[in-house]
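Shared between the two complexes below is chain A, which pairs with chain B and chain C, respectively.
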Partner chain A sequence: MAGAAAQQVSFGGLADRLRPYTPLFLLVFLIAGVNAAEPGFATLTTLSVVLSDASILFILAAGLTFVIMLGGIDLSVQAAASFASMIVAELLPRVDYAAFPATVLVGLAFGLASGFVHVKLRIPSFIATLAAAGVMTGLSLLMEDGRTVSLLDQGREESAWIAGAWLFGVPNVIVIAALVGAGGMLAQRYTRFGRYSAAIGAGEPAAIAAGIPVDRYKILAFGVSGAFAALAGVVLAARLSSGSPDLASQLLLPAIAAVIVGGTAITGGVGSIGRTVVGALIVSIVRIGMTFVGVDIFAQQIVFGAALIFAVFVTIDRSKIGVLK
Partner chain B sequence: MTSTWLSPRAGPAAGSAAPKWRALAPSRFGAIGLAELAPLLVLVGLCVALGLLNPSFFSFRNLVWGVANSAAIPLILAMGATFIILMGSIDLSIEGALSVGTMIVALLCANDSNANNFGWWGPLLALIACTALGLANGLVHVVLRIPSFMATLGVWFVGLGIGTVALGGSEIRVLDRTIRSIAFERVLAFPLAVWIAAAMFFFALFLERKTRFGRYIYAIGGGEDIAALSGVPVKRTRILAFALAGFFNGVAAVLAAAQLGQANTTIANGRLFMTVTAVVVGGTSLSGGWGGIANSLIGVLIVAVLANGMVLLGISPYVHETVQGLMIIAAVALSVRRGRSLIVK
Partner chain C sequence: MLELDKISKSFGAVRALRDVSLEVRPHEVVGLIGENGAGKSTLMRILSGSMRPDAGAILIDGRQVVLRDPKRANEYGIAMVFQEQSLLLNMSVAENIFLAQEKPFMRLGAIDRRRMIEAARACLAKVGLDVDPAMKAGELDFAARQMVELAKALALEDRTDAPLTILFDEPTSILEAKDVAMLFERMRALKSRASFIFVSHRLEEVLEISDRVYVMKDGEVVAERLAAGVSAPDLHAMMVGREVKGEYYREARQSPPRADVVLEARGLSVAGAFRDVSFALRRGEVLGVAGVIGSGREELTRTLFGFLPQTSGTLLIDGRETVLKTPTQAVAAGIGYIPRERRIEGLVTDISIAANVTLARLDLAMRHGFIDHKREKSIAEYWINRLRIKTPSAAQLCRNLSGGNQQKVVLARWMAARSHILILDHPTRGLDVGAKEEVYDLIRDLSAAGAAIVLTSDTLEETIGLCHTILVMRDGAVTARFDAPARAKPKQVALLEHMV
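Moving on to the complex of A and B:
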């Protein structure tokens, strides 16, 4: 450890200043790499597919970013998204457009609940959210006995604005993700919630001593995570014209990977929504790139599992680690 | 890691900590606290309630096949997980290991997909592979200094990926009758699987109570910095514990392949959740240092009896996961020792 510290001091300046940009370099390198292997990659059509894929992932990971930034983890985002897809599919025929805000509110409520359980009952966040995931999965299975709910014609029309395109053929999913990203960045820079999230992650005892209502902002972060996960579920349901209890079950790992690969440290304190944008793009390009090059879709899990460990290894802030559990 | 004096709210909690400590002290030093007996009382209460609601619960057939047999695999998984949780860590890779282990058994023993028929080499290699995955968990966690939930999350998906790719996404049936007999051969009225689980339980109990390794685990969970200062080989013990958990996962994988007679992509679904629920419901604290193998036996039985009861009462299987989710929250909330650590992440 002492040697590593000395090394960091001597290389210090440049390496530290370059570190935040590593994900960005990686992104450019990946696009160039995949394009070299498959020259058809860097076309507008393919990039639009990548962007749409990255958009859903980003919406799912946006709220998660705040949770990870303050040192917690949310393992229920995929369950929340699947649950939301079921709810929106059930509600659309009954309450029309009100189904969209209602679903996001349900996501918010479940997020707040798991935040409350984590903070007030003092249960580690990965267990509280694992349990929340179990509850939500159970509920979404129960709704239609485990079946998928298809959106009927009316539902399709009402959700067409999500799945469709807007100006110049830019898919609306991308617009929604851009709005989420802009809102997230503003919240992170200019609101107490954003500033405090980083402060709590950087040093919770100090944050408490400074008078920050830590509990409240932690619960809020889990609520935001639940709401964005629900929004991602709504978008997925609109694109696939159906809701299903395991619609997003494959998305937990890519979502966490998007946050971590982007450069947000799993130990908290360091990170931003902007990094998650880059991270989501990297994950999507790797995913679609692998399919392009012909890697088995199941083998992608191996790559992601290994990449996640490596990314945590690189981004973790070693100076803050005492005992590691 | 953090001390209580930092918080203005820690005052009263710290004051009440002393008597609570005594209440929670291990029974061999005297008084048995209510908290310690709670899981056992829950189990007994549950059994009585179920027996009253549906008398067939107490039928010998149900107790053997509905409870004991279905608790065999969860018990073996819980043995490994208990050591990890006692250290205050977590192993999320259980489902990945199961998927690799069952895949190896299915592909190497007589099956309906290829011409292999290696007999006992299949289970043996499955054990080795799962132990290796556990060892990988430990090495990644300790050497790369990555929090265990993150390290094992990565290994979970690596394992799941390997299992699925090797199976090609299909399901493969195990035709080897010797292997399958592990699950169904009856010895003294109980299936062999139950005896294997019992053997694993006593093996784990022995490790916990009678070996240096077991004592070290408690020392690390109780306070890793102090354990390290007292000369406990923390790193080695941690790596060993994860490898040991991998071994238990391997035994469970062989049993799962024998019981279901096949390997498929969803064979491991829900196992992680069930295992952690069982360990925690049994009274082992997630913050480490408190609980043990015997607690996990009770925890597994609670989960198994509850699942069996829900089936007997005709409750939709989809509710099971929801109930387990609520149970885990209640159990952890009740077992948290307030005033000990201020920050929960």
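Moving on to the complex of A and C:
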């Protein structure tokens, strides 16, 4: 991959050369900017808060990255995460630690199901995942009549470790996100799934003609997205000590933004997990940094929207995209 | 008169055009030829207003003009008929002809459909096409669509005082022989109304229709000749800067096939496409399938690679009965496919050469279930050397390669996968002469190494030159079968008889 990037250099101009790194520059610029306005920002304590926030966003967006790279979209990640928070809250008293893998498997299953609907029934992923989100939200609401389930009740203390810290005071959320990130990057570089995702996103007809079982890998990508969304839901539930049908409902746009701001093209083909790491950090810094420097909570949405457009404007080479839809 | 004066254009470090000067006189057909990368397409883009030159001037009747965008080019009387056809298939013929030119038909803010259709009918009459202008463009065949494009270009007549120049980019590449003849007849008739620039790879056709021919090479005009005074081989020599070798199709290297049959069809049929096709393809044999559009040969090649499963009949691969339902199955059975749409189906252009080479058999580059990048690189480098793919490295994106080198990457993929059956679907389409010859050499290499090959081609000459055996198809059925051993090749007319 590094070689490919280096080779591109000889053909593109300076803008092409720098484009993949613009999110990184933006990140450094943002940290420096917020810190200049409010010098207390770049301390370990605040950075730890930012990283924890970014971690959840990243876990939520990690699987979504593959879906977007393949040219699709998953609008059900926030619903899957909320659903997962309910499931893990229900399962913990019954099956202890097995609740964690079980919840992630439920996320995987729902993801595979919406992938199947999208690919085999040929329904746009936009619609298939929107419908899946509706189903999962409905199930979450039905479980406890729309109520929140506290994790502080008896038998649910198994989740406490997630919210804690393990070594040198690094919150475990960050450790989990780091593992997800490392796993995702390795998967991208060293597995069939990673290679085929890139190939299918960049040229589906050619991937089909090379004999790649394209349908299978597309469905798998939605499964991965569902599984990571469920994992994010578990982590979020542990941090907030409760499961709730709308626990993650505010996180869909930030998650998509994290993928896009990081430099993965919404049109598919170009992208990576590494970029989503940077994207999640940018989104978190914008969100927390604004509170830090005292931007009105209502005005934050305006800044956020503007930042999103700016980031996409500078990071994606739109000249290669003929028609924007 | 349209004149180009010392037009230059660079893309980064690459000079696509260098001081190109040419003129198009009234009522003239100007042929423009050159190998891929000679600069023809860039020149056409500049003329049609979709690209601006870095230097040089464009003059119309002696007055300098700036072709800022396609609309401006239209106003100056220049219209382009696109190779890939630019009609919107979900809109009517009339709507297509007057697309973005609806103003004259507006009445009280709405389009007067009836008047537009009448005007379209008049345009269609100019090109002699008798179809209902209210018909959807998608319902027409390719030849008719091209005529509609021509009518659209001619509709400019009513909107500009400038002399009309119509740019034709490879108009005949997708047309059948009879449609080409019809197109030429119309062009000759229309010379009283317009001038033409005719870009094509087919030198005979260029000579047939053109009054004068410009030859481009490496971004420059290297020759200008009256068509009456040159022959196709002359033009060819100017284009490539060397003589065509006598042994164009490498006939001397055609070795007899082995005895063992690897791919056999018995009464193979796909409802609505072709029926009752039988053949037995041996190792080392090149089987050509000849036929016009609609003969079923395109569908047959798609069936042999699992895109279009047979509805009846039997397919045997290495003696085992099979129904190929997906390309994945075909690849697993040892079949490789070189599609005609190189940049769409052939390659993923935005990933590396190495990744494209291993795309069909990634397992060859894997160790313990993971991709071994060193191994992948060495596989790719082996094929880059063996097929002489011109690239600085295996990590290069395929988008940056020339057409010929891209085709070699596709071939490398199937050679690396050790596919013993290869379906070559117009393997030399859009390649320049030098690249074609390299592909011919590779086909001979593969055949000598024992690969069984099914080939379809744009020209009969190529099919006859390359193949051991030729099936001729018409209306979905095999109408003849020819043996084509080296030095005893059948004549084109003999095949044609069974094609039409």
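Simple rule for what comes next: the second predicted complex is superposed on the first by the 281 of 325 C-alpha atoms of A that agree within 3 Å, B and C clash if a C-alpha of one lies under 4 Å from a C-alpha of the other, contacts with A are read in each partner's own complex, and residues count from 1 in each chain.
Just so it is clear, a residue touches a chain if its C-beta (ideal position, glycine included) is under 8 Å from a C-beta of that chain, and two chains touch if they have at least 3 such contacts.
Quantities reported herein were computed from a predicted structural model and do not represent experimental measurements.
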Touched partner set for A:98, first chain B, second chain C, both or neither: neither
Give one of first, second, both or neither to describe whether A:209 is in contact with chain B, with chain C, with both, or with none. both
Contacts for A:152 in the overlay, against chain B (first) and chain C (second): which applies, first, second, both or neither? neither
With both complexes superposed on chain A, which partner does A:135 reach: first (chain B), second (chain C), both or neither? first
Contacts of A:122 with chain B and chain C, given as first, second, both or neither: first
Which of chain B and chain C A:182 touches, first, second, both or neither: neither
May I ask you to decide whether A:37 touches chain B, chain C, both, or neither, giving the answer as first, second, both or neither? neither
Between chain B (first) and chain C (second), which does A:300 come into contact with in this model arrangement: first, second, both, or neither? first
In the superposed arrangement, does chain B or chain C reach more residues of chain A? B
Going through chain A, the residues touched by chain B and also by chain C turn out to be 205, 208-209
If we count contacts the way the header does, which residues on chain B are in touch with chain A in the complex? 1-2, 6-7, 87-90, 140-141, 144-151, 153-162, 164-165, 169, 224-225, 273, 276, 280, 286-288, 316, 318-326, 328-329, 332-333, 336, 338, 342-345
Quick check: in the complex, which residue numbers of chain C touch chain A? 12, 305, 326-328, 330-332, 337, 339, 341, 344-352, 355, 359-360, 362, 366, 369-371, 373, 392-393, 395-397, 400, 413
If you look only at chain A, which of its residues touch chain B in the complex? 71-73, 117-119, 121-128, 130-135, 137-139, 141-142, 145-146, 204-205, 208-209, 253, 256, 266-268, 296, 298-306, 308-309, 312-313, 316, 318, 321-325
Complex contacts: residues of chain A adjacent to chain C: 3-4, 6-8, 10-13, 189-192, 195-196, 198-199, 202-203, 205-213, 269-270
